[in-house]
Every structure is written in C-alpha cells, then in structure tokens.
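Shared between the two complexes below is chain A, which pairs with chain B and chain C, respectively.
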Partner chain A sequence: MNKDVTYVVLADDDEDDRLFFTEAFDELKITTQVETYEDGVALMKALNCEDASIPNILFLDLNMPKKSGLECLKEIKKSKRFQDMAVAIYSTSASEEDIENTFVNGANIYIKKPSDFNTLKRILSDVVTINWQYHTSGLNRDNFLLRL
Partner chain B sequence: MRGLKSIYNSERFLRILFGSALFVVLCMGGLAYKYIRDLSESFILVQHTYEVHIELEKLTTLLKDAESGKRGFIISKDTTFLSPLINNREKLAETLENVKNLTADSPEQNANIAVLQEKIGQSMAIFDQTLAMAKDSLTHTQEFRNAFTRGRFIMNSIRNKVNEMTMHENELLKERREESSESLSNAPLMVYYTLIISLCILLITYAQLSRSLKVLRTKNEQLETFKEATNQSAMISKYGNWIWHVDEETFEFSDNLYRLLGEKPQSFAPTIDNFMEFVHPEDQERFVDQVNQMYLNRDLPYLHYRIIQRDGTLKHFKAYAKLGKDSEGHQRLIGTTTDITDEKENYRILEEKNAELERNNEELASFNYVASHDLQEPLRKIQTFISRLEDKELHQLSDSGKLYIERIKTSASRMRSLIDDLLQYSRTNRSETSMEFTNINELIEAAKHDLAEVIEEKHATVKVESIPEMKVIPFQIKQLFLNLISNSIKYSKEDEAPIINICYSKTKSSQMPWLKSVKYKSYHTIAISDNGIGFEPSYAEKIFVLFNRLHSKGTYSGTGIGLSICKKIMNNHNGFIQAEGRPNNGAIFTVYLPVH
Partner chain C sequence: MKIFVKFDFTRICNKVIEDTLHSLGIGYTIPSFGEIEIDDKASSESIKQLNERFAHYGIDIIENQKIILVQRLKDAIVDMVFNEESQVNVKSSVYLSEKLGHSYGYLSNLFSEVTYTSIENFIILQKIEYTKSLIAKTDLSLTEIAFKLNYSSVAHLSTQFKNTTGITPTAFQRIIAKRRELANNPTN
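What follows is the complex of A and B.
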C-alpha cells in the first residue's frame, strides 16, 4: 500500500450516507483510498483479516444492524493491532449518552452527520488532515465532539 | 390536669380539715365531760351540806322535844311527857352518829362534833338529874334551880354549836361553789365556741367537697366527651385498642376492634385463641411467634398481618403495643390495632400508577430517540440532497424550479429547528442532573458566547449585573438565558440596536401575591429587559404555551418552543417565569429562583 495515500474506512448501514461519503472524498483533492462496509460484522471481518492493511482512519456509524458501532469500537480498542488507527464516530445523533459512551471507550473524535454536502466535505477534509498524535494527546470531553 | 391537681390538693386540705374538726370535737367532749363532772360534784356537795343541815336540825329538834317534854313533866308530873325523852336518846345518838359520818372528812367539824357530843352528854346528865329531882318533887330547891339553869345554859351552847356547825358547813359550800363557779360559768361558753368552730370547719369542708365534686363532675364530663370522640375517631380511622393484663393473663378488646373484625362489639370472649381464628392462615405462624415474643419481652413491635372476616373479606392489620403499669402497679400491655387495608390498597394503586408513569416515561424516552435519530436522518438526507441539487443541477432549472428548491430548503431547515427545539424541550428534565451551586454570571457569559455571532450581527448590547451564586442545574439555566437573550434579539426593532439588561434583586414571597403556595421564604429575582417590539399584555401568559407564536412565520422566525423550554426549566427549579410587555415598548422577562 502506498504510504502517501490515506486509507479511510467507513462502516455505515445507510446506502445514501455511504454515497455522500465516497462522493465527498471523490470531490476532495486528497489522495485517499475509501472502503465502505454496510454493517459492523462485515467491517470486523475485513479488519480482522490477517493480511489486510490497517486503515488510517475508521469512520464508525453507531446505529447499525448485527453489530453496533459501539460494539465495534470496544472490540477494536481491545486489540493492539489497531492502536495506531484513529476512530471517528460518524453518527446522526449527538446525544450526551452516545458521546459519553464513545469517549469513554476510546474513540478519537465524534462527528455529527451534517445536513449539507459542502459541510460534509469540509469536515472530512479536516478530519483526514488532523495530526492525530497531536489531537489525541490533548483530547478531552470538550474537543471530542467536532464543532464547526 | 390542673383540675385533677386541685382535687389532689383539696384532698389534702380536706384531710387537714377533718383532722382539726375531730380535734375540736374531742376537746368539746372533754370539756363537756369536765363540766358535767364539776356540776355533779357541786351537786353532791350541796346535797351533803343539806344532809348535814337536816341532821343538825333533827338534833336540835330532838333536844328541844326532850327539853319541852321535861318541862311538861315538871309542870304536870304526867309521865307521858317523858316518852319522847326516852325515845329521843337513842335517836339523838343515832343522829349524832349520822352527822359524824357525814362530816368525817372535815377535821374542824369533827372537833365540833366532839364538843357537841360532850355537851349533849352533859345535857342528858342534867336531864336525868332534873328529872329525878322532879320525880322526888324537889323542884323548888335551889339545887334543882341551879341544875335547871345549867341545863338551859348547856342547851343554848348546844344550839350555838349547831349553828356554828351549820355556818361552817355553809361557808364550806360557798367556798366550794366559788371554786368551781368560775370554770363552770366558762364551760358553756367554751362548748358554744367549739361548737361554732366545728360548725365552721364543717361548712368549709362541705364547700371544699362540693367544689371538688364539681371539678370531678366536669372532668368526668370531659372524659366522657373524650371517650366518645375517641370512639368516633377509632371508627373513622379504623383502629381498635386492646389491653393485656399481664399478671392475670386476660385481655380486653375495645368495641371497634370487634367491628374491625366484622363482628358486633363484645360478641365473643376477648382471648388470643378467639382472635387467632380471624388471622390469615399464612400469617398465623408469624403472628403466634410475635405474640410469644410479646409474652416474653412484654413488648410488641410493629406487627403486620392479614385477617379474614367471617364473610370472607380480607383485611390488612397493623398492631403496636407498649408495656405500662396501672394505678395499682399491675403490669399491662396497651396495644392498638389499625386496619390498613385502604392504605395498602392506595399504596398498590400508587405503585401501579408509578409503574404506568415509568412506562410512559420509557415510551417518551424512546420517542426521543426516534425523534433524535430516525426522524432526523431522512430530514438530513433531504437537506443533503438539496445541497447536492443546488451544487450540481441548479443551472439546469427554470426560475420557478429554483424558487421551489429555495422553498423546500426553508421548510426543511424549519423542520430541523422544530425537531431540535422539541428535543431540547423533552430533554429538559429534572432527573437529568442534580442541582449544584453555580456562578450565574458565568452561565450568562457562556450563553452570550454561544450567541456571539448574532449579537455581533445585530449590534446588540447585553448588560449584566453581578448575580450571586445559586443552586441550579447549570446547563438548563444556561439554556434559559440563551433562549431569553436570543428571544430579545430576535424580537428587536428593525431600526434600533437591541439593548438587553439583566438585573438581580431578592424578593420575599410575601411580595408575590400571585404565589399559590408559599414553599420558600424568598426568591432570587433576575429580570431580563429589552428595548424590542414587546407584546400585548394580554399575551403575557400565552407566550409560554408550547408552539404558541405571536407573529407569523414570515415576519419572525421561531418555533414557539423556546419560551416553553424556559418555563419548563423554571418548573424544574421550583421557580417561576413571568413576562411583561407593551407593544413596541420592550419586554421584561422575570425569573424567580427559590433561595435555598
């Protein structure tokens, strides 16, 4: 895998959201490789494949059938293999409960799905270009939720 | 109790009174006895004196008879004259002996009698001598004359002696009378006085007794009233009493206890066994255990059990008892048994309602989730697709097509704010966070920070006074100020920059006449006033109702939820919010938070 290409993975059961996501990256002038999965089980199966490369950033929807985003997050954080992978929560809801739960379980950022395509593009561009090491060291509850 | 105390006091008083009355009557009796004894003594003395008198009189008469008999004989020489002379000698000796006996206690009289006896002896001797001479007809002799004269002389001296003795006896009588007369004359008066005193004591006693009786009667009446009231309250609040006489091992059940069991008062013997017949079979073992404990400890803690009445009705009872002593020192356990069936039933209903409420809350919570997630998702996609359409296809649309897109966009964003506000409203719950002491000025600053963009845009000024710390749910109060400030900015005049003043004061609840119930003494009062368009005073209450708007959607944007959220927040804090407005002349929103 080319080191200059950012490898981005999204797990979301919603077809439209997956479409917006890929389209947004298509329109962004960043060299990224985008992979999408339609539920948590498919995602974990692909990630746990021995010879699969580990994504730079994983976007996790919370409300998914079979395996929810939170369950995936817990599983991922248990494994040392994914310790360098940034996890961004990508959800419709921004309830305090969801934010709290994902923060406690080690997610790196919480993104509330925007209702405007241009906003989505801006968010994704921001997230991909974040210096994760720097971001994670100063992470707290207040800057966990991505505000625009 | 004061009445009873006075009775105890008067009881002591009565005892003292009776004691003194007894003493006075005893004294009176002693006095009377002494008086009567003195009287009878003096009577005996007087009688004695008269007896002496009579005997002495008899003595002189006898002597006189003898003398006159002697003279008769001397003159007539008839011997019949001599018969008294012969008889009288014996009588004389007898009488003399009588006088001697009567006056034996007086040495003076004894001496007199001795003299008298001697004189009588002499006189008798002269009698004999003169009589002998008269028989021999020697009456004309000098010797006879001498004897006769001597006889008369002796006779006179005897009479004198008798007189002397009588006098002496009279004097003695007089002396004795004088001696006792003083005490005798005082005695009736003393008796009279003591009688008066004892009568007075009796009267006081009577008065005291009747007063005590009156108090007792009043107390008794009160007791009767109390008993009746207790009976009534026992019936109304469904309780019965029982007494266990520990020493006799007997029970007493009150009338209402029978009624609680569905029986007529005192229709069966009050025993544990009879009572056990009513106790629910499942509770009997525990009941017996507790009763045994009661026998052991002589105390009964709260005991809950069920009973079944004869008609099959199930009742829940609660009992409690405590050991005490009666006035005679016997131990007794006084217990109360209450029918708590209604209480239990109400509790059950309450629990059901609570469960229902919890279910409702859960439903509401799941509705929240539906609103927050499922309802937002399609809307978000509509909005995203519109933005895609705008970006990529707008140039291909006709002017009306572009207008329609614009209209769809407006409606979609309005729906978004409605959903957001509704979510905000339904999330504004008391249970979410507990109250803590918070710097209110900081909360207002945070709200201002969130509104910085619009404040700058409208050139608004927000002036805030220093506000003390209060016990609040911080994020809700922040939301309150956010809503109120943005409200003021939203409804500002077009040609005038909004000026918002936030002032603090403290209000006593007595100065809030519209308060329905006073729970707190005073309230923190924060007034948020502006120079905006205001509103008709008649809408002052309506504006807090959910979805209520005073302006058309075209003129002012708004969902009609913001102020409802404010009201809900204040309810959560046991506070109030009030609005005051005049058309085109600003509005004042006043927030009252209780002082804890």
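What follows is the complex of A and C.
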C-alpha cells in the first residue's frame, strides 16, 4: 500500500450513506482510497482475509444487520493485526452512554452522522487530517480519542 | 582504436547509488528503481553529503529537502512542547524561524503543503497530546498540567482540549480508566 494514500473502509447498511460517504472523500485534499461493505459480517470477512491490506481508518455504523458495529469493534480490538488501524464509529445515535461505551471498547473516533453534505465533508476532512498526523508523527494511538 | 559500448541504465544507476551510499556508510535498500529506503539512523549531515555526491552524477533527491525541513520543524515543535528546558519566552513563530533559519512565512506555507495542517494547529495538537499522556500516566491535576504547559488558566487548557478532541479532559480520564478496568477484567 502506498504510504501517501489513506486507505479508508466503511461498513454501513444504508446505501445512501455509503454513497454520500464515498463522494465526500472524492472531494478531499488528502488522497484516499475508499471501500465500503453493507454489513458487519461482510466487513469482517474481508478484513480477516490474510492478504488484505489493513485500512488506515475503519468507519463503523453501530446499527447493522447480522453483526453490529460494537461487535465488530470488540472483535477487532482482540486482534493484534489491527493495532495500527484507527476505528471511527459513524452513527445516528448521540446518546452519551453509547458514545462513552464505544470509546471504552477501543474506538478512537465518534462521529454523529451529519444531516448535510458539506458538514460531512468537513468532518471527514478533519478525521483524515488528524489521523494523518498520528500516522506521520508517531503519536500515541492509545490516547487517540476524537468526537465530532 | 575505437571501441563500442552498450549500457544497462538501470544497473548503472543502481550501482552509482549503491556505491555512494556505501561510501558514506548509510544503510539502505532499493525497493524499486528511483526509490531508496534510507536507514532512519542516518544523520542529517550524511544526508547532506549524499545530496552533494548525488548532484555530481546528476541525481536529484526529489522533494526530500522539503520533507526533511518539515521533519526538523516537527522535531523542533515536539521538543518545544515536551521538553521543559527548551521552553522559551519568545513567540513560537520567532523561535522556529530562528532555529531553522527560514522566514516564518516560508516555513508556514511549506508545513501546510506537506502535512495538510498549520504549524499553529500542530503545536496545539502536540500540547493536547502531552496533556493526554500526563492525564493517563501521572497523578497531576489539570491545574498542575496547565501550569506545566504554560497555559494562562485551567479553563483555557480545558477549552482547547475540548475543541481539539471533542471531549472534556474529565471524560478522557474516565474513558482511559474504564479501558484499563476492562483490560484487567476482559469478561465484562
């Protein structure tokens, strides 16, 4: 994987959300490669494939059929293979309890899905830029917590 | 007498690169043509020499000067934030431009171009990172941390923390504590 490209993966069962997400990344200054999956099972199958590249940032919707975002998160945090990957929760829920619970379980970023496209672009740009600093400046990922 | 030769350009170029690096004692690998991976331990002095010798053969290190300068800038900022003895009484813009020998305007533009963020934001990010590590690893109160990092007040640090990370220092502390608890009792 080219070091200058940020590899981004999203798992979300809503087709419109997936489309907005991909389009927002197309318009950012930082070069990204985006891939999407429609549920947690498909995502984990792809990630666990041995020769798969590890994403720089994984975005997880919390409410998905078959396997929820939280279940994926817990599975991911158990594996050493994904220790350098930032995990962002991308959800419509903004309950304080949900948010803190995902952070405690190892999420790095919590994003409440915005209602308009421009806000989404700004948020994703912030996430990728900050992740880039962690990636290129050797910051401690254990302390990487961001809420937008 | 006239002799004729034919060239294997790839081999010649790689041989020049290998010999030059070897003579300077720099560890390296060549992943692909036109790309050299240099040992991280190589000093900036030997990189400078490498540049000069490469120039003699018409080899230019692309962009490297810029990236090296940005790296030095980052190192200077980290040192400024994390090392109390390096804390200075002049404005950081004056400090950085004196230390690196370039105008602040030049440094500032270059930094944004390479890192996608501004020097000011990077300094704030580093200060917040330092705050996080102090919260996570020491028993210092936020007041003590604010003093240590030269903030005018706890409120200022608190606000900057919240603006940068989206969470309050207290919430950060609670999350880190709960994570540790979870790591110790993984059954929950």
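Convention: the second predicted complex is superposed on the first by the 130 of 148 C-alpha atoms of A that agree within 3 Å, B and C clash if a C-alpha of one lies under 4 Å from a C-alpha of the other, contacts with A are read in each partner's own complex, and residues count from 1 in each chain.
Throughout what follows, a contact is a pair of C-beta atoms (placed from the backbone, for glycine too) under 8 Å apart; a residue touches a chain by one contact, two chains touch by 3 or more.
Given the structure is predicted, the values throughout are model-derived calculations rather than measurements.
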Touching A:136, do we find chain B (first), chain C (second), both, or neither? second
Kindly classify A:116 by the partners it touches after superposition: chain B alone (first), chain C alone (second), both, or neither? first
In the superposed arrangement, does chain B or chain C reach more residues of chain A? C
Touched partner set for A:106, first chain B, second chain C, both or neither: second
Counting contacts the way the document defines them, which residues of chain A are shared by the two interfaces, the one with chain B and the one with chain C? none
Seen from chain A, its contact residues with chain B in the complex are 14, 16-17, 20, 63, 92-93, 95, 113-118, 120
Touching chain C in the complex, chain A uses residues 29-30, 100, 103-106, 110, 129-130, 132-133, 136-137, 139-140, 142-143, 145-148
Touching chain A in the complex: which residues of chain B? 369, 372-373, 376-377, 379-381, 383-384, 387-388, 391, 412, 416
Write out the stretch or stretches of chain C touching chain A in their complex. 74, 78, 115-117, 122, 125, 129, 132-133, 136, 165-167, 171-172, 174-176, 178-179, 182
